[in-house]
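One chain, chain A, links the two complexes that follow: it is found with chain B in the first and with chain C in the second.
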Partner chain A sequence: MIYPWQQNQWQQIHQQIAQGRLPHALLFKGAEGLGKLDFAHELTASLLCKQLTPSGQSCGTCEACKLIAAGTHPDFLWLEPEEDNKPIKVDQVRELCASLSMTSQFGGYKVAVIALADNMNINAANSLLKTLEEPTENTVLILVSSRPHRLPITIRSRCQNVLFQQPESGVAEQWMTENNTADAELMLSLSHGSPLLACKLAASEVVAHRKSLIEALLGVANNQAVTEHAAKLSKAPGEYLLSWLYDWISDLLKLHQGGAVSRLVHSDYQNELQQMVAGSNQQGLFGLLDEVIQLRRVQSIPLNTQMLWEDLLISWNRQIKQG
Partner chain B sequence: MSYQVLARKWRPANFTEMVGQDHVLRALINALDEERLHHAYLFTGIRGVGKTTVARIFAKSLNCETGVTSTPCGECAACKAIAEGRFIDLIEVDAASRTKVEDTRELLDNVQYAPTHGRFKVYLIDEVHMLSGHSFNALLKTLEEPPPHVKFLLATTDPQKLPVTILSRCLQFNLKRMPMPLIEGHLQHILQAEQVAFEDQAIRLLAHGADGSMRDALSLLDQAIAYGGGKLDTDEVQAMLGSVSRDRILAILNALITNDAAAAMNEVARLAEMTPDYQNALADLLALLHQVALAQQVPDAVDDHLVERETIQQIASQVSAEDVQLFYQIGLLGRKDLPLAPDARTGFEMALLRMLAFKPAPGQVSERLPVQQTAHAASAPLVNAGEQNPEPATEQATPATAPVAKVAVSDWHGLVEAMNIRGMVKQLAVNCVLHQRDGGEIQLILNEEFSQLLNPGLQSKLADALGEYLGDKIKLQISLGKPETESPAQTAARNVAERQQQAEQSIEQDPVVQAMKENFGAEVVPNSVRPID
Partner chain C sequence: MKFKILREDLLVPLQQVIGAVEKRQTLPALSNVLIKGEAQGLSLTATDLEIELVSTVQLMLDEPGEITLPAKKLLDICKSLPNEAEISIDVDVDRAIIKSGRSRFTLTTLPASDFPALDEISSVYEFNISQNVLKDLIDKTSFAMAQQDVRYYLNGLMMEVSSSTIRTVATDGHRLAFCEKEMDGDLADSKQVIIPRKGISELQRLLADSDETIKVILGNNHIQCQLPNQRFTSKLIDGRFPDYKRVMPAAEGNTLIVDRESLKQALVRASILSNEKYRGIRFILSENLLKLQAQNPDQEEADVELEINYSGDALEVGFNVTYMLDVLNTSSREIVQGIIKDANSSLLLSFPDESQARYVIMPMRL
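So, the complex of A and B:
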């Protein structure tokens, strides 16, 4: 499906199709949770559909659309890591290239979508190069990535980029309210303006952990013992917590420099943040920010989370006290 | 129905159509014209500069029915077949998909047979860096002495991954990055041929965005034509590239140098309305800082073509060189950390705020230097810990920097270190103090606790070493006694004790240790503290 904030991209690509200028390699890039994959799916459907609606979308009723919905359309190849958080393997890519070298079954386009393209390992990426540069007739390859800088430059140079951006908050909020999401504004701010992530966040229980994070931060600043807080935090999903901790520190830093309150991520804790600013020291906070960045870098490595949080909380306590 | 992208449509079909890379073309054209052909060529270079293209044209030149020529006709059956990718004697291998040694052996099985149709059998192995080690080794013999009807053309972006044994068997041609004017010229040529209206500034932006690669330039051009609905317009190209007009970046830089965080944040907010690529925005900021630094140090080196030349010079006069360097460094680190920030805008803002937070307050720079120097001096004993004692060490600094200068005899501590002595002789020397020196005669007093060191053998060795060092014949007398001054050994012992004390003290005062004591009731194990050597 096409989300309201993707209209520009949709029109641009349709203009290209209308002009007969649709390139054979597209790279969809943009932050997570903007619906790039849904967009790729809909684009594929509209390329394969036999009876397009006047607005250029797929009909959903023709044979091709039914096959796509069932996931069995022979000219539609979808590549993603076989397991979560694992790379896309070279054999998968080779298989894809082999299928693409044959003519299409339905006589129309052949479309390959590579989801999470930056998860291709170096061998997989290299074996895609030749096909990506000169595929056979009527082939369209769509690479989708939220971390395009991790793709080799030889891949990026062969694709036309389509950039997806966070929607304006009005558009996103409206969409979320239409989808009955509670706390739209806060969820949106916590997921940095990515509406799909915000919806997911609102539906999941992860949000409860934010409360324990902030309790821990406030408590440790008041010299409560770190171990119990750390034990609690170590059970929560680290990626969310680290990202919220980053935001908490950056909120403090923004307030330090006299930033506007409206742009705070943890806007519901304004008062607490403002009280804390006085007691903290900027350069120390930047040091703490570096620690968080470092941890985000090594996120995939299984570290002892209890110790990790103790360490972070002790540093936090020291920063706040030194100010 | 299928559209061919510009990069493929405009892939040069002969050497004259190629843009740039004259150094490679000349060598190849001459080789073809004089029929001095090597049997293995390796083309290297960054993405999109023409490696595969050169290799294909070369294959055409070899097999054109008009004879081996640097100007393939493009009309004969062979040339057409090659252009359409169906020439039976041009074997184009995607090495990245056929990395295994079995694949390579299968390929080489057919080398011995004469070409079916053309003059030469041409093996074009693209992305050759991906072959496995065994595959490379399987190639070696054939690559060194192939049959006369076989030519190998290898192409890769990554020549350092090839074994030297392969490299030494090939003629290597390194294709260069495309300079911007060449890219601009080529884009204009294509746009005219495609009958697309364009603005010069738009072309310049695209050429800049291509970063030295023609394929990138053509991919961007394709995209820009589609984006602009069949024409090239500067504003639209700018929007498409996510490149922000330099005015916005200049405004941010201005906010930075006036130390106005609120203004900087407002500028970021205005920037955000254009949905920029923050990675690029930060790169642009760095480029501006680079120009400012240039304007400060080497004013002549500032690019004359820069539109904002005057603004940059004005900024250069307002900001100190240290600040520019600091901003640059922080920006550089910020670029690295940007992907790790929860979202790009926050990362960008943090980089800007960090620049301001670490900017020394006015007048602080000059005060800071002495502070740093004293700090350095205080830590000096720790640094020199490996050596015997700091006192001679400081004086030793002179011989260290100027080895010619000799240490005077009166400075016994220094002399002991400077002389070439070891072991027992050194032990003897460090436990003595200088009593008297009278021309060639030196009298020492040995601490009586070490009387066992005094024997004629060691004494004469020490005398020899002294004589050698001072370049004079020395008569040495050593008497036992209680020296009034400190011997080198005592100084060293005292220093070790002091350093130990210092270390213990610094552990006691360390905020982490204190925090541990406070939070966890930790204790420092006595005698476990050692100074860092």
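So, the complex of A and C:
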């Protein structure tokens, strides 16, 4: 499906199709949660569909659309890591290239979508180069990545880049309200403006842990004992907590530098944040930020979370002296 | 859909199509077999998106319909039932009930619309050919296909049909196999297709050693062979095959005539001490004598002499022994003929009693 904030990209690509200038390699890049994969899926469907709607979208009822929905369309290849958080392997890419060297089943386009393309390991990426540069006729390769900088330059330079950006807050909020999402504004703010992430967040339970995190931050700043807070935090999903902690510290830094209140991520706690600014210094906050970045980088390694949070909270306490 | 069928009538077509069902299939629909029941009978279809096999059985159905069932499980069920057993299959909304004697199985189904079956392919050229001729064309050349080459157009067998001949050519860049047969055709210019490796091996399995004719349809995207009660379709490789005519050396130069069997044995003997990776063997040709020399990295050496019929220049040239043996194994003829211009040119091999097949092997530097 095409989201309201993707209209420009959609029109741009369809103009290229109409002019017969659709590039054979596209790289969809932009932050997570903007619906790039859904866009790639819909674009593929519109390339393969036999009865396009007047607006250029797939009909959803023809034979090709039914096969796409069932995931068995022979001219539509979808590549992603075999397991979550694992790289895309060289054999998967080789298999894809072999399939793309065949003729198409229905005589039209052959489309390959590589989701999470930056998860290709270096060998996988290299084995894609030849096909990516010179695929057979009527072949379209779509690479989708929210961390395009991790793709080798040799891959990036072979693709036409299509950038997806966070929608303006009005557009996103309206869309979220239409989808019955509660707290649209806050969720969007916590998801850095990515509407799909915001929806996911609103639907999940994890957002409740944010309160524990902020309680811990406020409490420890008032010299409460760290162990109890750490015990509570160690049971929550670390990726979210670290991301929120990162935002909390950045919020403080924003206030330090005279940033507008409307730009805060944790905007619902702006009073608490403003009280804290006085007791903190920028250098210390940047130090903390580095610590959080370091921990986010090693997230996949199983650390003792209790100790991790104790450590973080002690550092926090050292930086914040609330009056 | 509802029908009763004899175990053997279902087992045979199932075994025929099961080759197209891939073992490690990630898409559930592709590990299923499509069963279509129509007035003329039952048809079974399996595909791995590269090749498609369809088998048909004559049968009166109680109720027509179409559905897909897990192929492997259905086959195992059929296999395990006693001979001559009657099987009844009754398809409900999302369950199929299979009964035979006092056994009863319930299988999950997927709708037929999820199954990527081919419709009629658009035909560009059709011809009839007897099974053994087609099989011979493939058997004589398929060994030379490349394997997982980045030049993807080499990973298959090229078939070229023109007004009076049908040719197959395969090459991996180091050697080339060529076979040609006469055929009654009515094509103005020639039509070339490249059939992928997987399709070739499946076709080799399907073709029988009989002179029964089958219909072959070449389309822009597919090749289809219509065998009795069976239909085989494969995608093609989307590329241009290299111009093989330019690689074939002229049939003139220094000619050697050798007994096939003794050359083969001499090669096998010498190859024991050839480099295991490159398999190079030095051919030293002089008046009526062929000396084979092999040397491995441990400095071990083999020298094998062989009497041949040769009156050309004295030559010293290296060849990959595996390529030589592959060629010698394609024929059971007694005599093999080789033609080579000089030590830097490629060798043209053929069997004088059977002029349709020709082989080119590039020399290697030792």
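Note that the second predicted complex is superposed on the first by the 321 of 323 C-alpha atoms of A that agree within 3 Å, B and C clash if a C-alpha of one lies under 4 Å from a C-alpha of the other, contacts with A are read in each partner's own complex, and residues count from 1 in each chain.
One rule holds for everything that comes next: a residue touches a chain if its C-beta (ideal position, glycine included) is under 8 Å from a C-beta of that chain, and two chains touch if they have at least 3 such contacts.
For clarity, every value in this text was computed on a predicted model and none was experimentally measured.
Enquirer: Contacts for A:K130 in the overlay, against chain B (first) and chain C (second): which applies, first, second, both or neither?
Expert: Both chain B and chain C are touched by A:K130.
Enquirer: Which holds for A:G107: it touches chain B only (first), chain C only (second), both, or neither?
Expert: Once the two structures are laid over each other on A, A:G107 reaches chain C alone.
Enquirer: Give one of first, second, both or neither to describe whether A:T177 is in contact with chain B, with chain C, with both, or with none.
Expert: neither
Enquirer: Decide which partner touches more residues of chain A, taking chain B and chain C as the two options.
Expert: B
Enquirer: Based on the superposed arrangement, let me know which partner A:T72 touches: chain B (first), chain C (second), both, or neither?
Expert: So A:T72 only meets chain C here.
Enquirer: One more residue to check, A:C97. First (chain B), second (chain C), both or neither?
Expert: both
Enquirer: Can you list the residues of chain A that touch chain B in one structure and chain C in the other?
Expert: 94, 97, 130, 137
Enquirer: Touching residues of chain B toward chain A in the complex: what are they?
Expert: 1-3, 5, 8, 46-48, 52, 85, 94, 96-97, 99, 126-127, 129-130, 157, 213, 215-216, 219, 222-223, 225-227, 229-230, 242, 261-262, 265, 269, 275, 277, 279, 337, 339-346, 349-350, 353-354, 356-358, 511, 515, 519
Enquirer: Under the stated contact criterion, what part of chain C meets chain A in this complex?
Expert: Touch list, chain C to chain A: 27, 29-30, 47, 49-50, 110-111, 113-116, 118, 122, 148, 150, 152-153, 155, 196, 220-222, 235-239.
Enquirer: With touch defined as at the start, can you tell me which chain A residues reach chain B in the complex?
Expert: Spelled out, the residues of chain A in touch with chain B are 12, 15-16, 19-25, 31, 94, 97, 123, 126-131, 133-134, 137-139, 147, 149-150, 153-154, 157-161, 163, 165-166, 192-193, 225-226, 243, 246-247, 250, 253-254, 256-260, 263, 265, 282-283, 286, 289, 293, 296-297, 314, 317-318.
Enquirer: Please output the residues of chain A touching chain C within their complex, sorted ascending.
Expert: Per the touch definition, chain A meets chain C at residues 63, 66-67, 70-74, 94, 97-99, 101-105, 107, 130, 136-137.
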